[in-house]
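Look at the two complexes coming up: chain A is in both, with chain B in one and chain C in the other.
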Partner chain A sequence: MHSILKTSLAALVTAGVVASSAAADGHGLSGELNISSDMSNPAPRAVMEGLAADFDALHPNLTVNLTIVDREAWKTQIRNSLGANPPDVVNWYAANRMRPFVDAGLFADISDLWAEPEFEALASTKGAMTLDGAQWGVPYTYYQWGVYYRKDIFAEYGLSEPTNWEEEKANCQTLLDNGIKCYTIGTKFLWTAGGWFDYINSRTNGYDFHVALARGEIEWTDPRVAQTFANWRELIDMGAFIDDHQTYSWQEALPFMVNGEAASYLMGNFSVAAFRDGGLTDDQLDFYQFPVINPDVDYAEDAPTDTFHIASGAQNMDAAKEFLRFVTSADVQTEINSGSGLGQLPVNANSSIDDDKFLQEGFEMLSNNAGGGIMQFFDRDFDAEMASVGMEGLQEFMVFPDNLDDILARLEETRQRIYN
Partner chain B sequence: MFPTPLAKTSRSWQISYQVLLPIMLIIWLLPLIAVANFSIKPESDFVNGNYWGIPSSFEAFNNYGKVFFESNMPRYLWNSLFITIPTVIGAVALSCMAGFALGVYKFKGNLMIFFIFIAGNFVPFQILMVPVRDLTVSMNLYDTKTGLVLFHIAFQTGFCTLFMRNFIRALPFPLIEAARVEGIAEWKIFLYVVLPLMKPALAALAVLIFTFIWNDYFWAVVLTQGPDAQPVTAGITEFNSQFRAAYHLMSAGSIVAALPPVAMFFLMQKHFIAGLTLGAVK
Partner chain C sequence: MASADVNKGWYKRNEIAITPWLFLLPAMIFFAVYVIIPIGQSFWISLHQWDGLGEKTWVGTANYERLLGWGDQNIDRKFSVSFWNNLKWLVLYLLAIPAGLMISLFLNQTVTGIRFYKSMFFFPFVISQVVVGLVFSWFYLPREGLLNAVLGVFGAGPVNILGDPSLATYGIIAAGLWPQTAYCMILYLTGLNAVDPEQVEAARLDGAKGHKMLWYVILPQLKPATFIAFVVTIIGALRSFDLISVMTNGGPFGSTRVLSFYMFEESLSEFGFRMGFGAAIAVVLFFIMLGFITYFLYSMYRDEKGAH
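And then the complex of A and B:
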């Protein structure tokens, strides 16, 4: 306790010093700023190149060098990159995904930036950027998860958006009686099942429990975890999910909903573009927040956040911090997340969002109706190895729910091996 | 030993053979037919689940247009050329000389060196993945076309030398002796006597190596990343966006990427078949 007090005091002092010195020479940045980004797909790439060019133009004496690496390749390359001759600023992901780099001392502690008043507008993701009581990066974009459903099918059978678990199941029963599956899902690549677990677990036991489980502090054999699976199993036993979902990718599960064989899809907002390509209009497609299961716990939402970090070996720390202030400012976040850019949600609460009903609803939900907290998604919150074993177990559970005891024993074994 | 010629079999078997053959062909080609079909479909067909049916609209111009004008495909195709052609030249040139030395001269360890070349072919190349990657990184050749070319030359030379050495061994040795009697320098014997005789082997080997290298995916993924150095086989994955795979563009890209080796095969069919059988019997 004593040492924590000491370090936090020290952090406060340095934060003050750095903040004032940064403010003093904010316009006098010089030298080079090296950025390595994983925004390699066409639209994000244009956004990143624009960001670098704008920042370069703002600071005449500073040269911004941008290296863009393929997004998948970056997931392994970042280790090399941060290890020797590191760039100043890199892209990565929030929450537990930062853990290896924080533990290895490769990310710089930027708690001083977060102590600045401008950063209060980013409060919704502060928890996700915090490890060991300090902040290690800043968010630039996120997107909501939720239940996307066929409004026209719901209307046909007189259903309305459910707000609690009983309504959810009643809706589902009506659909099943009419030969329509409630949910489409493709679990071939496992992660989609992680979304279901995130929601059912956080709605059953709350955000704090979910995060503690992710940190390995709770046993998988805990009765509260069993309750999560019992709730999930109610849907599985009803036959709510499409058959043979373990053979489809998330994309290959889309046709069931587009063709009306299934009525809804628990998915991220990126699915909207695909639905629209498939010919669904905004009159047919709508969105609702995953309903309450346990009325005693607050809403927690999945909103995977993409981030910028400063390498601890950065050569130009002042410019790197100024760049992080730049990408988190309300105007810049509005611009990069617009429909012509990333088409996602800005994290800064003072940003404005595009005139798109799904983005509007998502922003509203994440800003005002996610009191429990923001989850980063199963494979980002859990330790990487735990997540991969975990998602295999979740898929197996969805196909063979009777194996649950075996699966949980296996997950618990993995947890003990990884976290102890 | 050989199957009975079809003409000598019963009429009913001939008919069923003729019926079965096209059916088998279609089943055999199904994946390729699917790719060709996918490449002319609009994206919406994949969201609607129309995988095998007739395309809901004809998008060939659109898809192939995007592949050529709105993606890095042309750059990847150039990369493939700049990787494949130097490799073919390098590997064939080196192996000609090595094959000449091993095939014509008698020296201590000749057979030993030859066996080492052969043994190299038995090493599964996957186990070299980590050391080769580390080597290219420490030589500053990682993610460069040069690195890929050098590695391919080094690795292909083993097989090529085996091939060339056996071919040169089969040439009539008196030709070389006659030239020696005339007092011609050894390098001139290689250049003016042996090399012209090796033309069929050169052509066959060049065609073979061209298709090997063009179709290489493994090393392209291991040793390069990004459009600066990656060949087309690895570049196709660029059509995977962050969340969605653009099957229609990937299919169109695959067809484009497959054309050069296919064209090579049809233009050089004679040499290709010769290449596969040359050296099979000494």
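And then the complex of A and C:
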């Protein structure tokens, strides 16, 4: 009752005011803007609350209501949330993860926003926001993936950052000979194995092949896919990965590297904060780009993008669009992605990157050394059902590589059912 | 007589016939809204392809064909794994009944502090399934876990129970048995209070003791407790969802799925947008449960008839 009263009062007030002053200065936003966000971890939560407060302060006649939902819970809650009486703006992810909501007409088409000149600065992610020839959301942050490794351990055994597959394996053999596992990983929740597949497949067969596979245009039983798994298997047969990884989450796999039992971790940049919390200093921790496997294909990198979208049932479309302009502006992206905020990379080309060695190195890599293309990540590029069956198969492969033929036959069966 | 009837209101005339229905009405409405109608809806959804967001597409029995492998398809592998796991749960979970009986017989004595011991044995039933799952997954941890520490003392090699597809389901069932045994124990403890001491005395005079006493004198009197323990254990075995979700999340590679978890994964989880297929799994699970329910109703009916 209270909120209805408030809304109608606000509507009454605006009806009077808009015509005179507000419309004139172009900031005539009024009413309420409801935002549902999944930025529930402490640092992102502070960023999101700051964003909402700043936007609220910019528009005196507008009330911004922010609801923060647990990040994992949001992955299933978003469906109910967008159904009846949806919020105006929601968080989600780029690429194929948008598909169900776009198909169901629950995300608003915001191609008109992308046509504005300011959005030129976001061109790098336009492809990831495009489905069916239209854009459905805007990015606010992204982060690189790569191999995070213990610099002190590498130094102890005289190893240097590998640039190709032979060096990678040679490094690994040296580590194994000294009783150290090459890679830590926790595959209990499956997606970590997806990162390995993305990299080995794109380094073996190239970005275009990887994307075609994600679109379901290539059979899983294709010999080129088999080559990817053969390359992966070289590491598995060496014993490069920690034992019992199917029992650990990605966080539970961190101590292996912190304690020096494993030397490196293929992960997203969000892991840096966890490494630092675990007690590793920047002198011990470093980063290198996943090495070349097939010299004929260009580097492609995983760099997942997190996004804002407008619900098609939004009550306050104007305010929602203005909010999207706000979060994509260069200054705001610089601020929210700084070390004191998200500690990630801004998408806006005119933003500046925080002075953090991992962010600088990651930005350098993505800008100048990812000629193949940018992948969003296994579970965002592939169809939802394909991704869940696929990642389960990848986990099984990492534990029982001998089951590969059976796994690939299963994936192929799923692909045919989904795409035919 | 007739005039007296006419003078009374319609309700008064039919009071005897209508009142029971009035009392039943609230329960019937709730049962219909929350049980009967959703069953019908699930069945209806299972005949469609639906992502839970957009329009439903009619596909007839295609979901069932895929699930059960009719025609030229193979039976859905995840379905058969889940189905067999459900059976393992149903059979092995029944171990809670004899185990609970043993403990209750052991605790059914008067020594100092018996109340304390009883409450300690009952403790696992009080804590949430999620906590039980967490405690056991730490217990099973491949390196730091207590289980491997104990095995290490005896020189047995480390095992990763929850990471081994052939052992993981048994590991979870063992975790589930811990609280379920406590539940059965409480049921039997109350049952033992109702055992007629005169019959025990008479049996003793006739020279019955040990397992003969248990089998021929005590157990028949515990029959109502056994029936309830059976019912709650079967229900408990079908409610294994939370333990699986916490301990293995269905893994490794789906080897610990049961039908309810599979249904959740297909329709409601992070990558689940297949409401129709999920509903088909739910319908199959419903018919399996219906078998048990029919058996319970039938045996209750038989007992009631026998009592009269």
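We adopt the following convention: the second predicted complex is superposed on the first by the 394 of 420 C-alpha atoms of A that agree within 3 Å, B and C clash if a C-alpha of one lies under 4 Å from a C-alpha of the other, contacts with A are read in each partner's own complex, and residues count from 1 in each chain.
To be clear about the criterion, a contact is a pair of C-beta atoms (placed from the backbone, for glycine too) under 8 Å apart; a residue touches a chain by one contact, two chains touch by 3 or more.
What you see is a predicted model, and the numbers here were worked out from it, not measured in a lab.
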| item | value |
| --- | --- |
| Which superposed partner A:259 touches (first chain B, second chain C, both, neither) | first |
| Partner chain(s) touched by A:251 [first = chain B, second = chain C, both, neither] | first |
| Which superposed partner A:419 touches (first chain B, second chain C, both, neither) | neither |
| Which superposed partner A:157 touches (first chain B, second chain C, both, neither) | neither |
| Chain B versus chain C as contact partner of A:41, first or second or both or neither | first |
| Which of chain B and chain C A:410 touches, first, second, both or neither | second |
| On chain A, the residue positions that both chain B and chain C contact, one per complex | none |
| Of chain B, residues touching chain A in the complex | 43-44, 46-50, 225-226, 237-238, 240-245 |
| Residue ranges of chain A touching chain C (in the complex, touch as defined) | 75-76, 79, 82-83, 100-101, 103-106, 188-190, 243-244, 246-247, 379, 384-385, 387-388, 392-393, 395-396, 399, 410, 417 |
| Chain A-facing residues of chain C, complex | 51-54, 66, 77, 141-143, 160, 162-163, 248-249, 251-254, 265, 268-274 |
| Of all residues in chain A, those that touch chain B in their complex | 40-42, 44, 68-73, 77, 249, 251, 254-256, 258-259, 268, 270-271, 273-275, 277-279 |
